[in-house]
Each structure stands twice: as C-alpha cells, then as structure tokens.
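Heads up: the structure comes next, in structure tokens.
Going in written order, the chains are labelled A, B, C, D and E, and every chain counts its residues from 1.
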Amino acid sequence: MMRREQILNGAVLLGLIAVPLWAWSSGEPFIITLATKVAVLGLAGVGLNIALGTGGLVSLGHAAFFGIGGYAMGILASHAQQYVPLFEWPLLVEGTKSMPVIWLVAIVFSGLAALLIGALSLRTSGVYFIMITLAFAQMLYYFAISWPAYGGEDGMAIYVRNSFPGLNTLDPIQFFAITFVILCMTLWFNARLVRSPFGTALAAARQNAERVEAVGIDPYKLRLAAFVISGMITGLAGALFADLNRFVSPTMFGWHLSGELIVFVILGGTGRLLGPVVGAAIFITLEHVLGGISEYWQIFLGVLLLGVVLVARGGVIAVIAGKGVAHD
Amino acid sequence: MTIILLIEQVLNGLQFGVMLFLMAAGLTLVFGVMGLINLAHGSLYMVGAFAAAAVAGATGSFLLAMAAALGAAAIAGVIVEMLVIRRLYDRDHLDQVLATFALILIFSEGTRWIFGSFPLYLNIPPYLSGPITLPGDIQYPLYRLVIIGVGLLVAAGLFLLISRTRLGIRIRAGESDREMIAALGVNISVLYTIVFALGAALAGLAGALVGAIQSVQVGMGEPVLILAFVVIVIGGIGSITGALVGSLLVGLTDTLGRTLLPVLFGTFMEASAATTVGAAIASMLIYILMAVVLIFRPTGLYGAR
Amino acid sequence: MTDVVLSCTKISKAFGALQASKDVSLDLQAGEIHALIGPNGAGKSTLIRQISGAMKPDRGTVHFLGHDVTRLSAIERARLGLGRSFQISSVIPDFTVLQNVALAVLGDEGNSFHFFRDLLKGRPTVERAETCIARVGLEDRRAVRAADLAHGERRRLEIATALALEPRAFLLDEPMAGMGAEGASEMTRLLDTLRHEAPILLIEHDMDAVFALANRISVLVYGEIIATGTSDEIRSNAEVRRAYLGEEETA
Amino acid sequence: KVGMITTLSGGGAGLGIDVRDGFLLAVKQSGNSDIEVVVEDDQRKPEIAVQLADKMIQSEKVDVLTGIIWSNLAMAVVPSATAQGKFYLSPNAGPSQLAGEGCHENYFNVAWQNDNLHEGAGAYAKDAGFKNTFILAPNYPAGTDALAGYKRFYEGELAGEVYTKLGQTDYAAEIAQIRASGADSVFFFLPGGMGISFLKQYSDSGIDLPVVGPAFSFDQGILQAVGDAALGIKNTSQWSKDIDNPANNAFVESFQAEYGRLPSLYASQGFDTANLLLSAMGKADIDDADAFRAALKEADFDSVRGDFEFGPNNHPIQDIYVREVIKEGDVLTNKIVGVALEDRGDAYAEKCKM
Amino acid sequence: MTLLSLSDVTASYGAAQALFGVSLTVDEGDVVALMGRNGMGKTTTIRTICRMMPVKSGEVRFRGRSINRVPSHRVARMGIGLVPEGRRCFANLTVEENLVAAARPGDWNFASVSQLFPRLAERHDQIAASLSGGEQQMLAIGRALMTNPTLLILDEATEGLAPIVRQEIWNAVRTLKATSALAILVVDKSIKELASVADHAVIIERGKDVWTGPISGISKDVTDRFLGV
C-alpha cells in the first residue's frame, strides 16, 4: 500500500513536469502558467499540511503567512523599482529585485509571524484554534486594506518579474522550473520530517497529547516548531505567487485563501505527502475547465467537492493508493 | 461627544449584539450541540432572506414572509441534513469544513440562478417602521427594538430547550457519544435532523429579520457567518449563555470602537489621519477582542474546560 | 532498602466542597511495591495525578530523588524519571505498537527535535522498544495499530510504554484492569521483577495481585490514609474490611 | 479579438453581467462579424483576473482587453496588459493612478475617473447651498478617493467625516453620529449591499436630512432592493436612462427588448465601450497600433450620454448630471434634474506624461 | 423461552475478521457468562448483538425476531440494556442527566438506582468526566438499568470497582435474577465471581464459540485450555 502511494507520488510529479513541457513545445504558455500556479499553491498547501496533516493544527489563518510572503516581495520589489530605500535609519536598506533575497526575507518574516501567532494561538485547541488563527489573518487583512503606503485594497503591481541569477524569469517555463525545484526540495524535506523523531512525536501529539507529555515531551514546543516551519513554507509560496502574478493585494490575506488551502489539503488527502499538490491540481483544473462551461460553474464545483468528501473518504490519494498511512 | 450620544451608541451596540446573537443562535445550536462545523449556516440565512423577500413581494405580508423564511430554511435544513450532513457527524472537522464549503457554493450560485444577480427588496412593514422616542429623548427605530425582543426570546427558549429538556440532554449525550446513545435506545438520527432543521430555521429567521434592514443579496451570508463564529467562539462553544454574552460583547466593542476610536486618536493626531487610523483599527477590533479572549480563556468565556 | 525514592508530604486537594486528598503523606522506597487501595472515589487517581504533576495540589510537597518537584510540570517530572500508566488506556491510536513504544524511548532519550533522522531506522531506539514489547508479551502484535488492539492488549502496551521510559519510579494506575486471569497473572510476574529496576506505586482493585505483590499497602478512604502495613496487617484490619474489602476477600 | 474579464459569479456579479450584456448588445447591433468576444469570469479576485489576462494575451491572443469592474482588479491587470502592447478599454473602473502618473497611451477609460461622480456630488452640494455636510465612505482607497473628490468641489463645513469598515452591514452607530452632528446634509459612498443597508436604516431612523451620493447606490439594478427609502434622493451620474438623444433612446429600448429589464449605468458603459471599439475598428486596422490608437482617441461614436470626448490622459470629458429617484408606476428609477458639472475631465490629467 | 440467539455469526473490523462463527443462546431469566481470553472476540460479539457493527453472516435473533437489520436504537428499545466496555459515560453530562437521558419507564428509576449506588446520588450534579473510574462504572450500570431492559449485557462491568462494590453488584445481580425475569449476558474476568451468579457459560476462542454448557461444568481442563489460568 505504501508502495502504491509512492508510485502515485512519482506519477504526479512527472505529470506536473510533463504538462508544462508539452505546453511549451506546443506554444501554450497559459498552460505553463496554470502549472506554475499548481506548483506554487501546492507548495503553500504542503506548508499547511505540516501543521494540519501531521500536527493536527487546523489553521484557518495561513493566508497570513502567504500574504506576508507576498508583501515581502511586493514591498522589496516596489522599492527597488522606484529606487527608494525601505528605510535609511538605523541602516540603509534598499529594495531588491533578486528572488533569492526576497525568498529569504519572506521566509524569515513569515517565520517570525508564525512564531508570534503560534505562541499565542497554541494555547487553544480545536475549533478555538481554527478561529484564533483566522482572527490573526483577518487583522492583517484589514490592516493591509486600510494601510495606504502599499496600495491598500488596490494592492501593488510589480510590472516586471524579479530576477534569478542565470535564468530569464519572464519566460514561463523557466519560472515554472524554479517553482518546481523549490516544490520538490520542500517535499523531500517534508518526507524526511514525517519520519524523523520530530515528525513522529508531532503526529503522536496530534492523536494523544497527554501520552506525549507522559513520556516527557512537550507538545506545545513541538507544535510551535511545526507551526513555524509550516508558516515559513507558506510564506515562501506567497512570495512566489506574488511573482507569478507580478502583483500583490490584500486578498492574499483573505480567509478565502486560507479556506482554499485547506480545501487543497483535504481534497488530496490530509497528511499525505503530495496531497496538497494533487488537491491544488484538481481544484485549479476544475476552476478553469468549469469556468468556461457555465456562468454557474461554482454549482458544479460544489457538487464535485461534495462528492469527494462523501465518497472519496480520506482524499483522492487515499482512494487511488489505499489507506496506507491513513489518518482516519 | 455628548452623554446622550454615548448612551445611544451603547444601545446601538447592544442592539447590534442581539442581532448577532440571532445569527449565531442557530450556529451554536448545531455547532456546540451536534459538534458540526456548518459553514453553510450563512447560506441558510440567505435562504431565509430570499424566501421572505419572495413571499413579501408576492403577498405583501410581512408575517407571511417571516413564516416563509422559517419554513424554507427549515426545509432546506432537513434536505441538507438528510443528504449530506448526516454522513459527516462521525468525520473530523476537516471533512465537515470541506463539505459545507461545497454547500456554500451550491447554495450561493443556486440562489443566483433562481433569483438573478441583483439584490432583492424586503422592507420593514409600515406598522414596525420609523423611530419611537425613548426616555432621555433618544430616537430609536421601533424595528430594532423588535429585533432585540425576538433575539432575547430566542435566547431564553434555546437555553431552556438545551439545559432543561430531555431532548436537550439527549442531544448533548449524542454529542459526547453517538453510538452509545443509540445503543441505549434513542433515535439519534431523527433527533439530529430536528436539531439541524431548528438551527436552520433560526438562521432563516435571522436572515429575514435582518434582511429587512440590510440588503438581500447573494453572498450576504458570508460576513455574517464569520461574525457568528467569532461570537460563539468568544462565548464558548455550546453555551447559549456564552453566545449571548459573546454577541453583546462583540456588538458593543464594534460599535463603540467605530465611534470612539477616531475621536480618541483625534486627541493626539491630525483629524483626517485620525479618522483613517481609527477606522482601520476599529475594523480589526473584534478580531483583536477574540484573540485576547482566547489567549486568556482558551475555551471562550463560558466554554467547558 | 530504606532509600526513599519518592515521597509526598501533607498533600491536600479539594474540588469545591469535596476534599479529595486530606494531608496525605506517603513514600516509596527503593525496591518495593507500595500498593494504594481504597474505595472508588477515595482519591487514589487524584493523588497519582498530583504526584505525576498532572494536577497541582492545594498544599503539600512532592519530593522525587531528593528534589522538590512540587512546582515542576508533568513533562519535567517525566523527564526526571517518573513513569506513569493511565487508568484508562492512553495510547497513540494510529501508531503501531512498535511506534508507540519507540515514542517513549524517544522521550527518554530527550531529543525529539531531530528533523532528519529516520526514527524507525535508529537501531538502539528500536532495539530498546522491542525489548520492552517482548517483556509484556506483545511481540506478535508489534506491527498492529494500537487502535486495533483488544482492550487487554492495550493495557499491556500501556505498561510497555512505561517500561521504555526506564523510569526511576513507576506510578501504575490499575494496570490489571481489563486483563484476563491469564494476563493478570503474567502481569503479576512482570511487576514482581520490575520492582528491582524501579519501585512501584501501585493502584489496583485486584486483591489477589495486591496481596501477592505489595511490600506495603496503604489504604485511602475519603482522601485520608487510614492504614498502612503489610498484606496480613491490612487483610485483618477491621476498618479496611468494612470500608473496602468486604467479607469475601478475607475468606 | 476582444477579451472581456469581468465578474460573473459571486456577490458582485450583477455589475459584470450588465457590462457584458451592454457590450454584447452593441456588438450584436453592429452586425460586425470581424469582432470576436471572449468572456471570462474573474470571481472578483485580482489574482484570477491577472491569470485570465495572461491567458487572454498568451493563449487567446486577443488584441483588446476590457470588462473589469473593480479598481483593485484593474490595478492588477491594466499596467501589465498595456505594457505588453495590448489595448485596454475600461468600462467601469477608473483608479486615480491610471489617470495620473500611471497613465498609458493604450489605456482608455470609457466610464469615468473614479472621483468624477463624487466631484459631481460635491458640486451639487455647493449649488444646493449645503453648509455642513456629514460624509462617509468605507475605509479603502476608493473610499478615501471618494471623500477627497467630494471635498474638491464642496465648499461648506464638514459636520463629520467617517470611514466605515468595508463590507459593514449595520450603520446604526454612524446614523446616530449623523443625528448628533448637527449636519444639514449627508454625502455617502457605499457601493453594493453596503449602500442598500445604509439607506434602509437611514430612512427608518427618522432623520430627514437631504442625502446625496454617486449613482452606484441608486442604479437600476440595485434601486428596487433599496425600495421607497431611496425616493427623492439626489445622486450624480454621467448617464441616465432619460437623457434625450437618439442613441440613448434606442439603447434603452433595445436593451429592454433584448434582456427584459431596464438598463443600468453599467450596461450603458458596456454599450459605449463596445461602440467606441467598433468606431475605431471602422477607421483603422488593429494591427496598426498607432492608427488604431488615434482612432480610439477620436471617440467618434454616438455615446448614449451625449457628448463624449477623451482628455489628454484618455479619460472622458463629460457632463455629470444630478438625478433624482422617482417612481414610474411600481418601478423606481431616476430622472435628471440638473447638471452638476459640465465637461468635467479629472484632477489627475496633468500628472499624466504620455 | 429463548430470548436471544446467535447462530454462526461472523463480523469484521474493516478487512480484519474478528468473529468466525459464534453461536449462543440466552433464555429468559438466564444468566449467561461469556468467557475467553483477551482479544478473543467477546466485546465484538456484544457489539453485533447491539447492532453497533454489522453482522456479516449468520443471524442474531431477539425475542424471536431477526435483528440483523434492525437499527441500534430499535434493538435497545426491544429491551436490551448495555453496559459497554470502557464505560462510555456521556462525559459532558451530569450524573443525573446521564441516567435520565435514555430512561424508559419501569421499576428502575433514579430512586432505585440511587439505592443501589448511593455514591451516584451523592454526586448527582457532577459532570461525568470528573468522576472517579469506579464511579463512572457505577454510572454506566445505572444508566443501562434505567432503560428497564429484559436483557442486560454487562461487558466487564466490574472492572475497576472496589471488592466491596463488586460484591454488591454481584449481590444485586443475584437479587435481580431471583426477583425478576431479567436475563443477563455477562463478561467478566473473575471466573470465581462469575461462577457464583451465572447459570451457563459460553467460551470464545479466536472468534468462535468453543465450549458451551452449565457453568458448573467448567472443569480445570477447560479453564486451562481456553482461559489460560
């Protein structure tokens, strides 16, 4: 059963490269954009999955980190674009259009935010946790809307994609390659993490925190670490997403986005390594295919999602690959 | 700011709170009692408002419209419960979130398909409209007083139902162990259908009542849904008292924050900056409130510990 | 034999009007099994909770291995070597028996913040876990999910987990509960050897086991210790008979 | 080939549908078979709009983009679309950046600069002799712009200036402030459901100060939902269904015949957008961008709002009317009662360096 | 008269089969002990009787009627009262609410249960979650009695009870047996105590019944083979 999931995972990743390559050779750049979107939102979902799938921390506020990542990109790039330093005191900090630097900043700041939000939110659990994470994301959302310096609700357009040494990021396929490599590296990290002592203890704390305490491990610290890692990955995805669109806006902080990330994770299979990627792929494909069919396409989307929950228990991966490492 | 205005704003805050409670009541019932996260609660609210608007448009009767709202939402609730929700009780919260999220899509776009994309008309009947004068010469809309009355009635009724009746005990027993309460001879499925329908009817009633002073349109349920969740989480899930206290707290915080913060900032800031900054913080205020409450009381004000 | 490993002094705890512990003083010496018996609701589990750190006493102190641990959390006490089993089995349902025990080994090793090492490929960890599993007789079931175990098997897993912590003292709350006659006698044998590794504070309603094992027995009634003594002393104590044993056990 | 990105699902769908219907009606009436329109739903999400724009440009290879309703979506799409050499004709949103520093020769706004209707309201307030107005708007860029636009022409005192939460539904607190402020009039900009809620609650509060606002809250699509609460209220608009010119009369009639409802402001804007495009197509080939741009700039079409021409920043110079909400039989609608501003351009044109 | 009969019942947890053909009967007024080592399928048998899990093959009859397809709550109303393994009290309800939640009219009511377990009456306002283990066990028994069943099923009902309380419960069972037609199916680990109340015994091994007969007929040989004592 485990094997089947591994084969499936391989197939999914292959598919995720094959489709844009095919699109590239047949001159369909938009398909590449879609594949990039799958990779980026899948990456955000992978981040969430560490908290949600492995750690059992249902965060309805991951948009906070996604948005922070996005704004890290937006703020740095817009300053670089206008040749205005971010601030001059106590030391001069310039904007930048270099992706690696932006990523680093996105990871650091979303990690810090996750540390703060996590430290406070993890005092609660269950539905209270869902809501308090939502609360923090909503605070940032309203802040971003009414904060005029960086565009408020209008957001910020960054006309030219940021640069990556040695690559032409404006070429869709090259930008896709960047996101895909990052996704794969994160997946590899995630796979190691799940089997590591940390991952094991985290999964144990999800199921029975009292037991974990009794063996002398502090679940709070485990969860906080998981939440921070999760936030950092989602933040990185946010920076990439902003670069994909060359645009950031407060909707990146919106609860719809948090909700969609959760949908990706469940749709693919909670706690499955590639669950979020599969979920994102299905969701985005549906969105674009159904959107062309009818003005009322969301009805069909709703019915399909409902079908998945009711019939395909444990997500699409569970249906194809069997329960295996299921968490029922 | 005069004292009279302050009193009036406090009254507005309380009134807004009761209105929130009306929205949150059905949600607490279903969520606290049956352990189900029902994101589609807002959709049932919308169904109630649309049913009321349609019936009011056809018959001109406000009371019939309210009855229609109750009925339509309850029927929608029964159908949804039997087709979907029933299969979700023993699932974890995540599956419930996804399934009811799907229901939102179906309800919203379905409603738009039937009623079109434009807001509908639903208004206060003449015998309830206009202001009356309260002591202290405060002009206050009669209809809002009616909402306060209905809200308090619903609160009392629910409280008695849950804590004092055998039905309430059984429902709560089912929340703790469904299989066991069934093995003791209680038909928990029917019970749950009834509760869900009741919760839906309350949502529908809230939608219709509130719809008369707000706009009846597709998507009207979403902001309400979030607010209602905020309310019941602050109050403590499963507690009717908590939901009431939570609503009042949120109502007061929001209303007073909106009016007082800009004034407060105005004392040390330039006026137009104060209004924007004040308004910005005011819009975050209830989330700040919720976070603070949960940090100090991780299961809400009246939640079980 | 007179080294005191664990002691509590004048512990009191009230739930509202109910005094669940009243000035309870108790100690556990190296190499012994000290049984704590008493009617249902006497406050035995409450006492264990206060000793293990899951609950704070209103008054009184707890000393463990010479440290005052009254202010330490349950986690810190577990790390000092206080192993406990729960009255109601507490396992990780989705983990296999082996994973459950390996988790405890991990807790004992005290470094759960390893992000890359594969837990189940760590030889020493797995070997230690397997020894513990074998000692409770679950070796055939090591790859079964804990959720799929029968009740009695789960009780054994609970003990295996406590063993894996290599504690300096055991707090066992009704380890025999739910075990068949066969299991109970196996468990009795196991505990008998265990006492030499670490002393045991044992709560148990299975009097056959208690009388067979205990070096000392304390009887808790309404939150107070009414008697402490050897098996024979307790068996013949009239007050204990009336409050707890009833007539048959003494026959 | 035209790519239309507009909002067809979710809460704000009514506006997008009207723009689309107005646009398609004009295309149909022209009988011009050279024009192909691809319509996509942006769900009112900027990210989706950006991706759709990419799709239209990269895969559909459209020449002209149009359709966006919301300023924030326009800000997301327009700059990069025009940077890629595409034409963008805005049928609704007109954010100030795109009128000022961010203007572009390929960007044409066929509706208004965002401030226009608010400026009209301010001008009306001045003419009507309001001395002490209470003004409110949601706290987001369009809201601050609205109040700024109003203040640009209004000359009296402000009894109060309040920013509300975006999406707010209960206005009891603001209404109490209005009552206590001693204002002699109220100006508000609350688009969509917010405006409906405000007006219903305002009329139920018993305050009867004159209210003025931009047309958005009094538009055909929304007016029935507001109900009698709106009767008699003055609002400002660049279009009204009773503007008496042949183009408009024909438009109102044919729209009603085609779709069975009265056209809205948005429908008129969609209709004008299509006609502008058609007029340019008649004069120049789209492949000759310079010629086509010049043809667009001439604005040589019969606008339903009468005179229409582009200013230096490709934004309209047009009259802003004052309308009053009236009842025609059972149906609420608007009637023009005056002109607030004549040949109004916008405040940002000089910042535009094209 | 036969009250309950199982013939060749099989059942599985997902893919894992747990019962491989269990047959047994309980007559009116009869006390039957269900015995077997840990994990042999006693609880599973009981779960199939109470319809908490589906019967894969074979038949469960109660009062002459097949209940293979009758939903759980109906079976309970036909007169089966269950004291489940692991107590399963309604944690968020008070003691009294636990008792009245499923009560049906009959001889057993709050007063008579309080008499049987005075401890429960003392703590009637306490939330079940905070009861001691033994108190919860009493509550579970009281709760089942309050449904006034004709067949009472006790799955390890004396687990964790003080010896003196256990004796009281067995005494109560003996009294019930003597004064009413209540039939009882009982699982318990103490063979000695079972012997003093049960009429018949059924021993299960690996999901099959392997020995049935009067309880007095259990020989040393049988206990050695099947019960491992």
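The rule we apply is simple: a residue touches a chain if its C-beta (ideal position, glycine included) is under 8 Å from a C-beta of that chain, and two chains touch if they have at least 3 such contacts.
Everything numeric in this text was worked out from a predicted model, so none of it was measured.
Peer 1: Would you kindly say which chain has the C-alpha centre located farthest from the C-alpha centre of chain B?
Peer 2: C
Peer 1: With chain centres defined as C-alpha means, what is the inter-centre distance between chain B and chain C in Å?
Peer 2: A distance of 48 Å separates the two centres.
Peer 1: Using CA atom averages as chain centres, what separation in Å is found between chain C and chain E?
Peer 2: About 28 Å, centre to centre.
Peer 1: Please tell me the distance, in whole Å, between the geometric centres of chain A and chain D computed from their C-alpha atoms.
Peer 2: 36
Peer 1: Which integer distance in Å separates the CA centroid of chain B from that of chain D?
Peer 2: Measuring from centre to centre gives 34 Å for this pair.
Peer 1: Residues of chain E that contact two or more other chains, please.
Peer 2: Not one residue in chain E touches at least two other chains.
Peer 1: For chain B, what residues touch not just one other chain but two or more?
Peer 2: In chain B, residues 108-109, 112, 276, 279-280, 283 touch at least two other chains, as defined above.
Peer 1: Quick check: what residues of chain C touch more than one other chain, meaning two or more?
Peer 2: In chain C, nothing touches at least two other chains.
Peer 1: What are all the chain pairs that meet the touch criterion?
Peer 2: Result for touching pairs of chains: A-B, A-C, A-D, B-D, B-E, C-E.
Peer 1: With touch defined as at the start, can you tell me which chain B residues reach chain D in the complex?
Peer 2: Where chain B meets chain D, its residues are 1-2, 4-5, 8-9, 12-13, 15-16, 19, 108-109, 112, 116-121, 123-124, 129-131, 139, 141, 143-144, 210, 212-220, 222-224, 255, 258-259, 262, 271-272, 275-276, 278-280, 282-283.
Peer 1: Sort out for me which residues of chain E touch chain B in the complex.
Peer 2: Residues 50-52, 71-73, 75-77, 81-82, 84, 88, 90-93, 97-98, 100-102, 104, 143-144, 147.
Peer 1: For the complex, give me every residue of chain D touching chain B.
Peer 2: Spelled out, the residues of chain D in touch with chain B are 9-11, 13-14, 17, 139, 144, 161-167, 169-170, 172-174, 176-177, 179-180, 192-197, 200-201, 204-206, 221-222, 224-229.
Peer 1: Chain D touches which residues of chain A in the complex?
Peer 2: Residue list for chain A touching chain D: 28-31, 33-34, 37, 142, 145-146, 148, 151-155, 157, 159, 172, 241, 245-247, 249, 251-252, 256, 291-292, 295-298.
Peer 1: Touching chain C in the complex: which residues of chain A?
Peer 2: Checking each residue of chain A against chain C gives 192-193, 195-201, 203-204, 207-208, 210-218, 221-222, 225, 326-328.
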